[in-house]
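Chain naming follows the written order as A, B, C and D, and within any one chain the residues start at number 1.
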Amino acid sequence: MSIKGTSKDKKNVIETIFRFSPVIGAVIGLLAAALFVMLYNVDPITFIGALCKGALGSAKAIGNSLNRATPYIIVGAATTIAFKCGSMNMGQEGQVFMGGLGVAVVALILPSGTPALIAIPLALIGGMIMGAIFISLPIFLRVKRGVNEVVVTLIMNYMATLIVSALVVGPLGKVGASYPCTENFGEQYSLFNWKSVGHLHVGIFIAIAVAILAIYMFWVNPIGLKARAAGSSPAASLTAGINPTKVFIIGMLVNGAFCGLAGGVELLGRYNNLRGGYADGIGWDSLIVALLSGMNPKGVIPAGIFFGALFTGVSSLQRSIGVPSALLSLIKGIIIVCVVTGTAIEKYHLNRWLTKKKTVK
Amino acid sequence: MDNEYMVEMRHITKTFGKLVANNDVSLKIKKGEIHALLGENGAGKSTLMNVLYGLYGKDKGTVLWNGQEINIKSPDEAIKLGIGMIHQHFMLVNKFSVLENVTLGIKEGKWIEIPTDEIRKKIMELSDTYGLNIKPDAIVENLTVGEQQRVEIVKALYRHSELLIMDEPTAVLTPQEAKQLFKVLYKLKNEGKSIIFISHKLPEVLEICDAISIMRDGCLVEEMENTEDLDEAKLANAMVGRELNLEVVKSKCEPGEVVLKLEGISCDGINASCGVTDFSLELYRGEIVGLAGVDGNGQTDLSELIMGLRKMTTGKIEFLGQDISKMTTKQRRELSLGYIPADRLKSAMIPSMSLTMNMCINKPDQAPFGTKWALNQKSITEYTERKMKEFNVVAKSSGEVGGNLSGGNQQKLVLARELGEKVDLVIAVYPTRGLDIDATHFVFDTMLKARDEGAAVLYISTELEEILQLSDRIGVLYEGRLQGIMPQQEAEVTKIGLMMAGREVEVK
Amino acid sequence: GCGEKKDAATGNSASSGASSASSGASSASSDASSASSGASSSSSGSSSSADKKDMSDIKVAFILPGEYNDGSFNQKGYDAMLYCQENLGVEATYVDRIDTSLQSETLYDYAEQDYDIIVSWGAQMEDDVVDTLAEEFPDTQFVIASGTKANETNVVNIQISGKHLGYGYGYMSAMKSKANKVAFIGAGQGSQAYTDEVGGFIDGAKAYNEDCEVTIMYLNSFNDIDECAQAAEFCAEQGCDVMFADVSGAYKGLFDVVTKSEGKILTFGRNADHTKEYPEGCLSYIENDWGIKMADVITNYAENGKWGENVFCGFGSIVSGWTYNFDGEPGWNPALVSEEEVADFQKNVIDMIANGGWDPTFTTEDANPGTY
Amino acid sequence: MSGIILYFNTAIALAVPILMVSIGVCYQEKTGVYGMGSDSSMLLSCFTSIVTLIATGNYFVAIVVGILSGGLMSLFFSIFAVRLGTDQTLTGLACNFAVMGLTSSLLRLLWGVDGIPMMEKPASVPIPLLSKIPIVGEILFDQPIVNYLVYIIIPISWWILYRSTVGLKVRAVGENLECADSVGINILKTRTLACMVAGMCCGFGGAILAVQQVGTFADEMTGSKAWMGIIAAYFGGWSPIGATGAAMVFGLAMALEKRIQLMSFISLNSYTVQLFPYIAAILVICLTGKNRRHPANMMHYYQKQ
């Protein structure tokens, strides 16, 4: 066995460039989307300009982008945790919804005079507990009955929206509401926010803290090592004295709890009451964020902010240059495909292409 | 030119990233010969064969088939030419039946219903002709490794290959099964077919092969005819490129206190295994107890039972006088013991994680690896690199993922982890499986060193030779029971052979 | 200034809005519009005339929660935007498909830009508008279409009385049902407007005939045509022979079922003139001209500056919410609804309610699915 | 009696699109490619089939075009997910987004604010003798003609997957990629073809939904049907017969939901009632879905060395 000496300048340059393949993918995706938008008589440069401006062009835009990134980062980090622990949770959407419910229940039970410093943490803990409770059924079914958690969590997504709506229309509902929602929680429940920065609320700090915690737990703390071992090789971890079932359960519970936290932060950051549909799509988008990060907590913050900015930018397009809203999900789709293609090329093909070129010469 | 050669590989080069696995290798196989391909672990034998079979693409070089230059781009084409291959790591679909595995990829009957009855009949015929004892409808995952190996053989035979590549086919076979296989090989040879035979067991190579090619470090270093004056030592030296001492030097055994005491332990079997029944044994400091037995007689079950990986139905386990029967695996891991499980890729290593992480996986929260709060990456790396040097682990770096190591090196890493510190008890199951001579001897030395440092060693193996060489006491495992145990001096091959077959033999 | 406008409007259009439905003589909405614009101009003196704005300087944004072309509620908003653009010359723009999660961002964005009027289509956004935005942006005029809330200063809400609407449908359904079984298919239970509509429907049907069986059924979505068709088939199987669906895009499913029944099942058009497509079974459709309503609001804003008010549209209100039309003309389907029935409806529904003869409060439980 | 027939007919109508998706997912996931992108094939087919129907007025052509476009969409997916090795889940979700956007923006481009017209739906075709069997015959054999095709596709798919050599290859690829490669199975080809077949099945489901059941196109009209299909495949153990059972359970439960709404004695709000099919699905999964193991190579990318 011998190692070939690392050679040549050009190859290294290309390799370094491809380290940034997700970024390149995103840029190519934007260009592709711009071409498509030309169908609608929108000039590509205007389009890209407007998209960037809507995403990051002003303090307000940045605030909006970060606000949107907040739940993505929390849920994304939680999802990578569960994934590394060997579970495939697809129920983020539902767990996020239930988190909001937990927050609402606490906020409606606590006396109205509770100061913010007590009320908000308690409410968020309520959200986490609710998220964890909601994920217990798939855990139970998987551990006790061997039922695949993917199916159950998927189904429970639908249930969560319905449960929230049912409660908001039923026992928790505000009488005479113009749309289904609960009573307002009260001023003290609103997360502190900066109006001038697009109502950026403190949730982003919670999100970053969660992501850092996840990174710490997974790459620094020995527990993370054990969990990763259990996730990637249950048999070997058993031999090493780790119980993969326990790891699975804890990973899933943590995922549920943090999804609940994300739902709670989203609710308290944006609204002052629980309403049906308040977190539509957050779970799915966060799953995408987690996947884009390569299921690595380290990548969740950039991926979350990227996706938050993309979302904000894309949804501002209709306002700024009148791109039909129907196109927005197409643009989102194109960009995701390009980003994952970039990643895949770097991971699987780049080396081969480079060496092939060389042998041809 | 007359086509004396069935296949000629010329100047084959194959790289994996920066690693050159085959470097300008040329190999010639005659018609109707059994050609051995030897080399240390990681020499590039399997890679070369995979290139020939079309499973790997090659970077450079040409292949001639009966004198004709051909370009085999996929196994599909190789199979069409008449090349069959039995892979080192079985290429079987575990969830499928034997019959389905044999049928897989056969061209006849595209788009149509699988001619089940016909195939079953043919399998039975083959099985009878070659004495393979195959059950066509059994599910592969329920078979022992030996049986799986035979399925691989049937698969290859079924295709009437002209050239049969066998990558370590005897690694998991019992001597009897190996004998059976050699008969098959002779038969094929007489039918004019060629066989490439890869093995680390030099006696059998000397017994059956007509020609021998030796690889070292990705290069073909020697080609020789199998003549009378060849012997194991010569082969071994050619393989490693230096003088090897194949003697096992053993000091006298001086047993000390009881380290492990098993009192009538039992557990149920799972899948193909037979479980353990009423097993009692005492292990003393400073001795190696070898457990012989045909594979599938409860070896894995026994070791897992001791490690707390199985539910114990009856009995009691004591470690240095302390009852550990109720302890979890985690708690047992806290004791001073080393455990080398049977299936290294599945149970001992985490292939997707780095060597450093693999090294600290048992006790990541203890010195020198880290504290409860944080891993100490620096000291882990340091420790790993030190141990890698000590145990001779060859790898790009300590950051390499476990799965990229060659089998021998994986095993050494496991040894380094489990026996890197002084321990009181060693449980080793098939630790030399698939290892080359050098590595095998390294394992022997490590075991002996552990023994001399005062550990009790339970050495479980199917290789009688090894057990006889290494052990101070020898026990025989049959259907999950201890068939008998005797001091090494009283052990005779015939007696143990009978016991392994389940015969009751008087033991003094 | 607004108070005066309201008073002036009352006298002018109270009767016309209520009566036009039966007489079919003239469109109530256009009446109302001329009335209110007339009123505004006449009363302009009292408000600060300096506020008077040129139409072409006014920028209006419409925020639609659903598809702009859903053939229903959201399309009405889009049409209203076009109407205002063409007829008033204002600079109008719209965004559609604004989910709950995008609402506040969108609202703030427009409020911070120099838009004069921000129209939020549907009640979903009204809490945000009334509770926070209106205070934060006191110089902006907000309009809520089909909500329930307004404020005194800068939020105008045009509240279509779901209660009255539902009562009318319920009464007419019971009247036309031979089997004495009628059905209401809805979606998105929970908003007060919807609760009122369902409650009104049940009450209206029971008012005509105490024994009439009323089936209330909800779909999972506003847009699932297939689901609506299945629900309609179930109701038909139950024996319901008059059905009404108040769902955005999904009403097409109901229409499919009733068309197949070849006149055995009767229905009402909703938001679009289905009486043309299905004259043999469509009793009428509701003409609710949001364009005129929005034009009124904008005109008043141009003349008098911002104001806040809950404009209630129902039977007997200042501005009528709607007219019952058939084949482009006001009135009921003459082949199905006789003169006497129209008179009955006028007397027992429109006049009765206009005179305050019926004004209950409904809670969500009253609108639960089931058979009443 | 007619109530029962209507109930089952509704259940079948609800189940058929789900079923077609789940059969497609069986093919695809048996080769270890995640069926996340099924919705894209289904939705695209809904759109193309309706557009074709409007353009040609021919149901047969419309359905064929729907099937082909579903297959094409899947081919697109497989170029990335199978050939290049992009993350299957992400690629699938991205395809779903893209098709959602594409169809609804094309819808606007083509019909604008007028909206797409509603097309007439073909009537059901009773099978001469069989439909005369009381109840069972009326339920099963008085169906639109495409549904009979579905009846045939179920056993054929089962046979292909479990009895034919092709099926053996498909399953081997999903279970052990290296082994499949070593016995000469072309993994790329098998996976790509399986994806295309899956896409065509989803396309068929979409075409049935659009042309046969709805008669028009609406944005995101597939709703959760593709997801239900994926779930049904899972819990039918990736066998077309099992998936049929699962899809029927969903159909029956969803149809029952409307019945429950009609029962006046339970006064629950509509959301609570709408929870019912999901609860039923989970219950059924608890009872039957034990130890379902997905193909071992699910989501694994295979790259030849």
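The criterion applied here is as follows: contacts are C-beta pairs under 8 Å (C-beta built on N, C-alpha and C of every residue); 3 or more make two chains touch, one makes a residue touch a chain.
Worth saying up front: this structure is predicted, and the values here are computed from it rather than measured.
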If a chain touches chain B and chain C alike, it appears here: A, D
From chain B, the most remote chain by mean C-alpha position: C
Which two chains share the largest set of C-beta contact pairs: A-D
Chain B and chain D, separation of their C-alpha mean positions in angstrom: 46
Centroid spacing, where centroids are CA-atom means, of chain A and chain B in whole angstrom: 45
Mean-CA-position distance for chain D and chain A (Å): 28
Chain C and chain D: spacing of chain centres that average the CA atoms, whole Å: 38
For chain C, residues that touch 2 or more chains besides their own: 67, 189-190, 364
For chain A, residues contacting two or more additional chains: 165, 169-170, 326, 328
Multi-partner residues of chain B (at least 2 other chains): none
Pairs of chains, among all present, that meet the touch criterion: A-B, A-C, A-D, B-D, C-D
Contacting residues of chain B [partner chain A, same complex]: 15, 17-21, 23, 42-44, 59-60, 217-218, 307, 309, 328-333, 339, 341, 343, 346-353, 357, 360-362, 364-365, 369-375, 394, 396, 406
Chain B contact footprint on chain A (complex, rising order): 1-4, 6, 220-223, 225-226, 228-229, 232-233, 235-243, 351, 355, 359
In the complex, chain D residues that touch chain A: 80, 84-87, 89-91, 93-102, 104-105, 107-109, 219, 224, 227, 230-231, 234-235, 268-269, 271-272, 274-275, 278-279, 281-282, 285-286, 289-294, 301, 303
Touch list for chain B against partner chain D, complex: 16, 50, 53, 55-57, 74-80, 85, 87, 91-96, 100, 103-106, 109-114, 155
Residues on chain A engaged by chain D in the complex (per definition of touch): 39-40, 137, 141, 145-148, 150-152, 154-156, 158-159, 162-163, 165-166, 169-170, 284, 287-288, 291-292, 324, 326-334, 336-337, 340-341, 343-345, 347-349
